[in-house]
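Both complexes shown next keep subunit A, but they swap its partner, so subunit B is in the first and subunit C is in the second.
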Partner chain A sequence: MNKVPLIHITRRKELPWYRSWAIRVIAVILALILCGVITLLLVGENPISIYATMIKGNFGTTKKVWNMLEELAIMLCTSLALAPAFRMKFWNLGGDGQVLMGCLGSASVMILLGGRLPNIVVILLMLVAAIIAGTIWAGIPGFFKARFNTNETLFTLMMNYIATQIVAFFVVVWENPKGSSNIGIINQASREGWLPTIFNQKYMIIIIVAVLLTVATYVYMKYTKHGYEISVVGESESTAKYIGIKVRKVILRTAALSGAICGLVGFLLVGGVSHTLTTSLSAGRGFTGVMVAWLGKFNPFFMILTSFILVFLDKGAKEITTIFGLNDSFGSILTGLILFFIIGCEFFLNYQISFRKKQNKEVA
Partner chain B sequence: MKGLKKVLALVLVAVFAIGMLAACGGSEPAPAPAGSGSGSAPAPATLKVGLICLHDENSTYDKNFIDAFKASCEKAGLVEGETCFIKTGIPEGEEAQVAAEEFVEMGCNFIFADSFGHEPYIIEAAKENPDVQFSHATGTRAHTENLSNYHNAFASIYEGRYLAGIAAGLKLNEMIEAGQFTAEEAKMGYVGAYPYAEVKSGYTSFYLGAKSVCPTVTMDVLFTNSWYDETAEKECADNLIKGGCKLISQHADSWGAPSACEAAGVPDVSYNGSTISACPNTFIVSSRIDWSPYFDYAFDCVKNGKAIDADWTGTIETGSVVLTDFNEAVIAAGTVETVETAKQELIAGTRHVFDCSAFTVGGEALTSYLADVDDMGDFAPETEVIADGFFHESEFRSAPYFDIDIDGINIL
Partner chain C sequence: MNEKIPVLQLRHITKRFGDKVVANDDVSMDAYKGEILALLGENGSGKTTLMNMISGIYFPDEGEIFVNGKSVSINDPKDAFDLGIGMIHQHFKLIDVMSAAENITLGLSNEGKLNLKQTAQKINEICERYGFEVDPNQKIYNMSVSQKQTVEIVKVLYRGADILILDEPTAVLTPQETDKLFRVLRNMKEDGKTIIIITHKMHEVLEISDRVAILRKGKYICDYETKQASAQILTDAMVGHTVSLNIERPEPVDPKVRISVRDLTIRDKDGIVKIDDVSFDAYSGEVLGIAGIAGSGQKELLEAIAGLQPIEKGSIEYVEEDGSRDNLIGKDPMEIANMGVSLSFVPEDRLGMGLVGNMDLTDNMMLRSFRKGKSIFADRKTPHDLAEHVVEELDVNTPNVATPVRKLSGGNVQKILVGREIANAPKVLLTAYAVRGLDINSSYTIYDLINKQKKSGVAVVYVGEDLDVLLELCDKILVLCGGKVSGLIDGKDADKATVGLMMTKVGGGDIDE
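Now for the complex of A and B:
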């Protein structure tokens, strides 16, 4: 007997685009069918009406569509912030903290300067403060990585906790009433420092920023010298050094850029969405953004699609819990399953599984 | 084999496509009933209500709202998923406003939010939707916002905590008599969420209840800075017990403190509902707010086009402030009778929880106190709340404003 293993995994050659997309679509369909079966068995609801509710949760009314677009824009901006760093293999897990510091920067300007300066100046200062705060927060681990080759994964991760505590401290400084750990809406009556509405839509400005940022990131990564340097450093630092790229400079610059855009997200969250400061404002987007960027293969346009999938699932899941009176966790179970299939199918795109056969015949 | 796979894929695609078509088809007729509610008539024919919760049923606080809401909906003939909706896990941020607006779009004409930090966002939603009634539990701003469609509600839960405190004091007396510790060592522990009026009013009334029967009692307070943090609540309770506390109570929303008490064999007064199922050997009693009297009242107002009070304070008499059943296995003898007597005195107005002769501040009796009742963000107290020898809690607005640190209570 020959010793061919029962299951044999080999790396695939690159698949033509239509086959790889067909596999992805099949994965999603399988996920939906499995979720449907689980829903039917556990909850006794008709799976089709569950999916219909998910769609309605995102597209049911004009307002829902705007809310969905706003969340999509924020999600996309966060993942765009992370993409250059990840492309460089700088594992920036500190997106949450960098966004939070951006929020803190904006909120502090809003609270301290709101009403004392013209509104447009306040907003510009909020933007500047947020970007500086985010840049510093990613720049610190960037500097240590460039200078001492520290582990940026742990460093950025730990910076999240520090940022949360700093924000918690300032929440107590500005809380109302005292002791409640609650700031409430900043400048609720005067609306100083609130981003303006465009065409009577409060989220329009966020969506415009997201679109501009998507195009800018695409151009930056694909057509500029900086973008090229990032991908070379990501592939091999030795090669980068050999061809004369200043690796330290590229690491520091890219980490700072990543933080700056995270800061921008913080500015959008405080100025355009929630108008408050809490420790949970970034809501884990710094981590979800990693998934969005990976699944989108760091291509800003694919990342629109992957952000959409995540936002769609999240909003859909919430709608299910409201309409069918289910626990919050049920939506998360469905979302988790669907994501499992989507991520899992990437494996089948890269690898091929062959089973041992009697006559060693390969099975496609 | 390849062929089979293709066929399978095709079948799956077909199933999915049919599913989607059916789904889209099925979803169309739904918005029709929502439109009928948007007429300008002051009294909507169909009542449609929404509840916004910070957490879900795993939090005793939110469960208390959810249970009452469901009960009142059933009484009013509302059907969950059709005319009665609940959103759980809504953070204290813009999400609360989005949730409220989504309820409005679904045609809800009464929307209720349950957490303190929801307030400014619900006010925003109320401003934008003047035809819809919004109520908010524990909030402070309805009486100063001057919005006809925004209301606050709470209950005189300090009276409930006071009664539960009496049960705790009697238990301490029993333990002192049994020689477990001296009267001077009678110290209680309290796990609080945040150090502001709502919580301070709560633990002070609990302490005064215990003190009314056990004069030597003192109390240590620890804060978790979260409404729901099971680990932190458990740790706080453990630390209080280690610090010599003989009995524990709480104003935080998980089962952390009660289960820590059960593990340590320390008697416990819980909040928001009975924890006897998990703590049969330590649970004494629990006070809680029954929200269904308020929901019944608000539903009735909306249905009949009547105005809802800007501030509504439920009491023992309205059935809003209730005690759970006592745990006969743990309570001291005579507890039921003593508590019942005190309850009748509170109802009759012959006994007051914050009676100035029952406590001192810095060694002196309190004769005057300005409270920050009008919460204008200025932290400026403006209302004299002491008259006739007692502190008038929850009279000038529904949310508590007793925020004085009295002697005998140590904040750690």
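Now for the complex of A and C:
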């Protein structure tokens, strides 16, 4: 018998932008509906009020808005650090460790030099130390990749653990008060090495850095010779060699750049947000950044949106956990479901599904 | 053949990719028992897509397929095998570390234990019946290309195929190996098998096939009894208008040595000698052909000249107009370019080396030019103009210059690559298999471009596989055999048999059986 498959999947040609965005919006709506049903069934809360709480968690008060923006800026900077490396197909999973090393660099300058030099010099040295630390941390796997073609995924991943341990060591060295295993707020009274407030806003400087970095990364990847080399090396190493690009140099340079920006994030975290040093400062952003960069297709402007989605979901999840007194896993379940739909809809953007049609069958 | 029994019938087959590309448009055609049907068409005419639908790789959007008069639905390659259809792809799908017998039984879900002895016996039976030579216990990595192909064919027969589809089987074979393949195909035909063969080589179509079906732009045009057809008739039908089939060979004007290679020896990464003590000169205003069985060191030789291949010993020198010599050894492509040596290279692997498939035309043009200037920003304007120029000049079929190169057909991809490589007025042009996989029309465009370069005084090195073309196009032919120079002959006096022998044995002469 003639059995045409019931469902058959074909690749789509490019969709007009409004259709692709319609698909994405539908995905989010479906996700919200499903989450609503689950909320109702599992915890018996009204989904609408859950969603309202999520929004309030992000936008409820001016302070919350600033916190959300700060988190968004840090998230975005971390993913921007990864984007050039990923474009080169250098899978830098060591963002966390590189950020942490940046934190260590900044904190060490703050602790050791704070008060001995003019504040502006301290801040500049913190920046330099953070960038150098991050650069080294990504440069090591970059060097091995370039020289021996080692697997950078594993290498950068393992470097995270080493970074955590190094930071843990220095936390003990600099612990304050003694025996607390804690550094506490550094220079709390003098505020040496703290980033200045702009328009009286503590986080303004971080947001400005994020904006500048977004534009700079976009220009770097799209319009410069370096950016072009990164794309060619990422697409095909043999093409790169064929036209005389020094592949090793590009790999090393791009890995180092990735680490340098991660180091910058560490500087922002220590100097502008936490003013302390702990092993959990980077809080997994090096990994969430991977998702942000992929979802944003390595386009810095799309990545603003994707980091907003992730930050919004995270903050919202925390808020509903507190307000409704729920187990804190519940927020993660909702976040996971929504992300599943957002990522899953990529399939429908690239493929279309046709169902069996009626056919006439005669041999002509 | 008086009584024709159709074994495979296609009716109104349409296959679309996306909204715009119609790969096959309402194709209806038949294949009969015991015939060799050649499928002829330009690149992008939908031959491979059509065959892929028969062998279960694609599923048609519309239309029906009948095997032995019954309407069938072929969802995957296994369905195709069950119906007795087997396809031999251009790129072999064999596992190197396994023996022939293991590869042949691979994926067959027979009951009971794997019995390699029994398999070997059955393989030997098949071989005897059709005249193959396969050692069931030989490992694939020890096999020549032609042997691997034989294993692929036996694999399909082992699975009981009655309809065999071969996609450009002769592209990788020497003339002698091709003859051998054709003998086997004829034996299979006598045995009642149906063979569909895709090839671009017109003389092979005329030699082997009983009937020729022609596709043009996804549509079925017509078929001819091969006996009543000629190369000219078939080409015209395929292209849609009259095409001249002679390759021009203008007399070289004032040839001077441009590239001088002496005692060159190259080992690959595994330490195997790929080029063994090779010496030759390439002259300006001449086309130097390089003939040889696939893998005789052609790739390594060209890459060494282009600065991509470390060498063990010997010298490669570029001779300037005034007679001064520059050593090219140990320099990478960038350094060679910085020395003022204008060398262009059209590599064998177009999308893996010469171009970046995912990048658009402009960005691919940029590969050669992006470093120019001191600015940190890359100039996109000039490459954009060059892309527009190449598209217009070489009649490239593309929606626009912002289309990723991988979406273009083989001929158009090659035009982009050659167009870029000749754009910076080279002194030396190296080409590797410049017309591989190209249809006749695109091939002739490429020959014309090569001749134009030759006339403007470029030293052209043309590595080719089609001996007919090499003999017609090249002024001199360097024959390689196992990395050694087997002979250097004048293009005008050479004949195919001599070159063929030189390819298999250093210095030519009779082959010892």
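As a convention for this text, the second predicted complex is superposed on the first by the 344 of 364 C-alpha atoms of A that agree within 3 Å, B and C clash if a C-alpha of one lies under 4 Å from a C-alpha of the other, contacts with A are read in each partner's own complex, and residues count from 1 in each chain.
Definition applied: a contact is a pair of C-beta atoms (placed from the backbone, for glycine too) under 8 Å apart; a residue touches a chain by one contact, two chains touch by 3 or more.
Quick caveat: nothing in here was measured; it's all calculated off a predicted structure.
Within the superposed three-chain model, A:R116 lies out of touch with both subunit B and subunit C [touch as defined at top]. Applying the stated contact rule after C-alpha superposition, one finds that A:V232 touches subunit C and leaves subunit B untouched. When the shared chain is aligned, subunit C comes close enough to touch A:Y223, but subunit B does not. Put subunit B and subunit C next to each other and count what each touches on subunit A; the higher total goes to B. Once the two complexes are laid over each other on the shared chain, residue contacts for A:S180 go to subunit B alone; subunit C is not touched. Once the two complexes are overlaid on the shared chain, A:S49 sits against subunit B while remaining clear of subunit C.
Within subunit A, the residues touched by subunit B in the first complex and by subunit C in the second are 363-364.
Interface of subunit A with subunit C (complex): residues 2-5, 8, 10-14, 223-229, 231-232, 235-236, 238-239, 241-246, 359, 361, 363-364. Subunit C contributes residues 9, 11-12, 17-21, 28, 59, 61, 64, 66, 69, 71-73, 75, 306-308, 332-337, 345, 347, 349, 352-359, 363, 366-368, 370-371, 376-378, 380 to its touches with subunit A in the complex.
Of all residues in subunit B, only 1-2, 5, 9, 12-13, 15-16, 19-20, 22-24, 26-27, 30, 56-57, 80-81, 85-89, 91-94, 98, 101-102, 105, 116-117, 119-121, 123-124, 140, 194-197, 199-200, 225, 372, 375, 377, 379, 403 touch subunit A in the complex they form.
On the side of subunit A, the complex with subunit B involves touching residues 22, 25-26, 29-30, 32-33, 36, 47-49, 51-53, 55-56, 60-61, 63-64, 67, 168, 176-182, 184-185, 188, 273-276, 278, 280-281, 283, 318, 321-325, 327-329, 363-364.
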